[in-house]
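In the two assemblies presented below, subunit A is common to both, partnered first by subunit B and then by subunit C.
== the complex of A and B ==
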């Protein structure tokens, strides 16, 4: 298949596959923003917290753009953004629990955020025009996140023994599930690749390794195989879901009566 | 509790601000212009970014204008996907154009491709920014 596509050009199966991808990307951006926001105060320095603030805003800006893609499916994004239960969230499994310490945040940056960007880059070069037209701006903004991630991985890896151990453990802990989320090896993902909407799983895995493998290896982290056990094909992620507290913030529960849009 | 009056999705108090340079906007034309598209660009040139008093046109945020029988479409981008002033800017653009009697409707088409960068700032915009102490590479 070639040429620019919109949702109306796709059959029902491929539309569902693409919708799964969009919601999963948007959910991951939204929950990642919450995980970053927890550290606007309490980061290792004020400057780092300010950077985390900027990244938080970027992630929510990207989530808004991605949820808005549902309009191309003649679907109101509102209920998806504000009314789903935690069990319906399709974010990357690695974000289900909040970061325990700054090393966890660095792992979210270096692994999850970088994996998100790999997927966005795939969409940007793909045939689904509504996403490719938006991805380039998101990728440009993500460039700063990638620099921040690399700087912190190197900084902690070059620090004390404990700092090196903690960042290595944090990255190693989120890598297998993140790689599975980034590069699903199932029928929907294969159909999207055949339609030219997204690269094949092995291509994205290779890109991640090529781009970030050396950085992680420098911190003592080997590239593992994706952990695809108990894969949830309906959501495009592993089992489980983010906690209610994060979902309540993602949905804006406490401000529900104050919404003006 | 007093319920805020809504205007285009914003609380009333937000709608009476002077963002967008609206206190400096020209009075509407008394006659329809010969070149409607050029006139729309002139109007948009008066709409300032809410955070820094530079025209949206000089910032390079307006990607295109089309006019058909009084219906105006503005192709507009933002400096960032999480720009906190999106609603202000949309409202300012719409209000400036709708004050012209020859404009029947305004549609803002959000555009992200190509992504905005500082390279899109005009020479005039760069001069103004420098005068405000903001350097642009």
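== the complex of A and C ==
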């Protein structure tokens, strides 16, 4: 790739901008893995649970790869992975609360997981070489996540009145904040776009709509404007944070003494 | 949720014969593809495909695993 960048090529400001993005992507994948894992045995069928299990493992594997990118900044990823308070977690806002039912899980797949893929695709085509290589591998593994999401949205939308209402409400509920997280419209995001590391916010929003707008419209969900109210620029997301129980699992608190690195 | 049986076939390498490696239950072929890929991911398959069991026509015996689809079809 022409104009390929490494950490040594970036000034301190751009390094901080990129670090915010990497931590937010990694946190989102780790918490998304936890939200999927809650449903391995509560999914509508054994096969669905097995598929969710594979997706869980993908997300945690990708989170590990993304945290490891911090080494490129001469930063030990260990404390970021295992020592932060919930208030420091930068995952997509939509994942702060666990899924109440399978429709919520489908919304996480169709909205949050697909939004993650849009950002990864942006990184893969961008100039920051350490991330672009890893992102390509992740995107290849994510292919079946998108297919699972689309199949389940269509299935629930074509089901009972209640199923259609639940999946529509679940997707509509997470879309505004997820779009804001996926496509931040602040100075750090604009600097990343200028450096060619990530596409501009409007480009990523247009890609999401182009790729998933019809699927969601078929379920009765209109594409909303991103909800950027109370934006937390330090973390690159809205206010709030995931609960302590999820963060304890993400950090591996109970098995800290048993870690094998 | 009404589900159908899909048989899963795969080959490890280009040119290998296609083997029957198992089956899955799924409500439609779209989900059957995802479930098959996830349920039988112990190998790095070169190619995997699925067939709705009801599309398989038994040829030489009436007591094999695929015989019932013939009874259903006739």
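Here are some notes:
Definition applied: the second predicted complex is superposed on the first by the 259 of 261 C-alpha atoms of A that agree within 3 Å, B and C clash if a C-alpha of one lies under 4 Å from a C-alpha of the other, contacts with A are read in each partner's own complex, and residues count from 1 in each chain.
To be clear about the criterion, contacts are C-beta pairs under 8 Å (C-beta built on N, C-alpha and C of every residue); 3 or more make two chains touch, one makes a residue touch a chain.
Everything numeric in this text was worked out from a predicted model, so none of it was measured.
In the superposition on chain A, A:144 contacts subunit C only, with no contact to subunit B. Legend: residue contacts after superposition of the two complexes on their common chain; A:98 is shown touching neither subunit B nor subunit C.
Of the two partner chains placed by the overlay, neither subunit B nor subunit C lies in contact with A:213. Once chain A of one complex is fitted onto chain A of the other, the partner contacts of A:155 are limited to subunit C, with no touch recorded for subunit B.
In the superposition on chain A, A:51 makes contact with subunit C only, not with subunit B. Of the two partner chains, neither subunit B nor subunit C is touched by A:196.
On the subunit A side of its complex with subunit B, the touching residues are 57-58, 60-62, 64-65, 132-134, 136-138, 140-141, 260-261.
Of all residues in subunit C, those touching subunit A in their complex are 1, 3, 24-28, 30-31, 33-35, 37-39, 41. Residues of subunit B touching subunit A in their complex: 4, 6, 9-11, 77, 80-84, 111-117. On subunit A, the positions that touch subunit C within their shared complex are 44-48, 50-51, 53-54, 144, 147-148, 150-152, 154-155.
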